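Note that the chains take the letters A, B, C, D, E and F in the order they are written out, and that residue 1 is the start of every chain.
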């Protein structure tokens, strides 16, 4: 019955997110029928990591 | 002071979601003034249940 | 596939918590086989409501 | 390593949300490099507080 | 910056939980320095799956 | 109506946790009557940060 919530900055491709969902489900080592995984993606301006929002980090990386 | 978070696949009507919010609030058997309930709806492609994303399940149901 | 997390102050009896789990599951109006509900109970000193911890409220109620 | 999730009704300005993220990070009194804060904003119709959705409260406030 | 919360019934060994933490961190395909994973284990009586608490399931399995 | 969940390794003193609860409540800039904050403290062995559990970090710091 494990439930796994993955919170991360928006922007992964659908393929990468699907891979992530499956790998996270495998991580718990129970039959896949009993595992549930979901992704929550707050906008980059709504996440602060190390004193900087993800939006600032992205702007810096580009600029 | 209970807080209730309901996570589910997107797609319910507003009427059904409001009914759900009220029924969940009733479930905790305290004065309604002290209960808070909210719904989080990840996109169907971002939820894996039983080894399949909700998007895959929906495509199968339609197709 | 709804997942319901109920966060509330510790102290309910097992009977009341089981009733709560079932009522919350009913609230979402889907077959019970697909619903999951769990309760998280932080200690009363670790919850602040209206500027007061639950531990303070309880001490006041008793005192 | 604290992680802080702030759930609140949608509608704050970006400036206010950024201020909130920084103030919440300061609240835990550890080096800012190790703190992560994010905001989750369910739509106003998806939040029930005191027996009323935030959408109802807002309609009442305006009307 | 992904954060992964795994909620599951109590009872895994420390070795299995550590393996789970590492596998979940690998699942997101980013440098391990930026991933955080934690496990929340509500008591078996506080989780309802398919209309039955985990405590009931365990009693049935033993009995 | 903001709800703030702070997840962090166990071990703060009650005084520090209470200070944290109040500072987090102040961070959202709304009347304190409408804010709720709570702390979730998974055991140090159940949290992985940067490829190491908090229990390993603590053992290393002591050792």
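Simple rule for what comes next: contacts are C-beta pairs under 8 Å (C-beta built on N, C-alpha and C of every residue); 3 or more make two chains touch, one makes a residue touch a chain.
This structure is a prediction, so every number in the text was calculated from the model and none was measured.
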item: Identified repeat of the C-F interface (over half of residue pairs identical), from A-C, B-C or C-E; value: C-E
item: Chain pair with the higher count of C-beta pairs in contact (A-E, A-C); value: A-E
item: Mean-CA-position distance for chain D and chain A (Å); value: 20
item: Cα-centroid distance, chain D relative to chain F, in whole angstrom; value: 17
item: Separation of mean Cα positions, chain F and chain B [Å, integer]; value: 27
item: Multi-partner residues of chain D (at least 2 other chains); value: 1, 3, 5, 7, 24, 36, 40, 47, 49
item: Parts of chain B lying in touch with chain F, wherever the complex brings them together; value: 1, 3, 36
item: Residues of chain A touching chain E in the complex; value: 1-9, 16, 19-20, 23-24, 26-29, 47, 49, 54
item: Chain B residues touching chain D - in the complex, by the definition given at the top; value: 5, 14, 17-18, 21-22, 24-25, 32-41
item: Residues of chain F that touch chain E when the two form their complex; value: 7, 40, 42, 45-51, 53
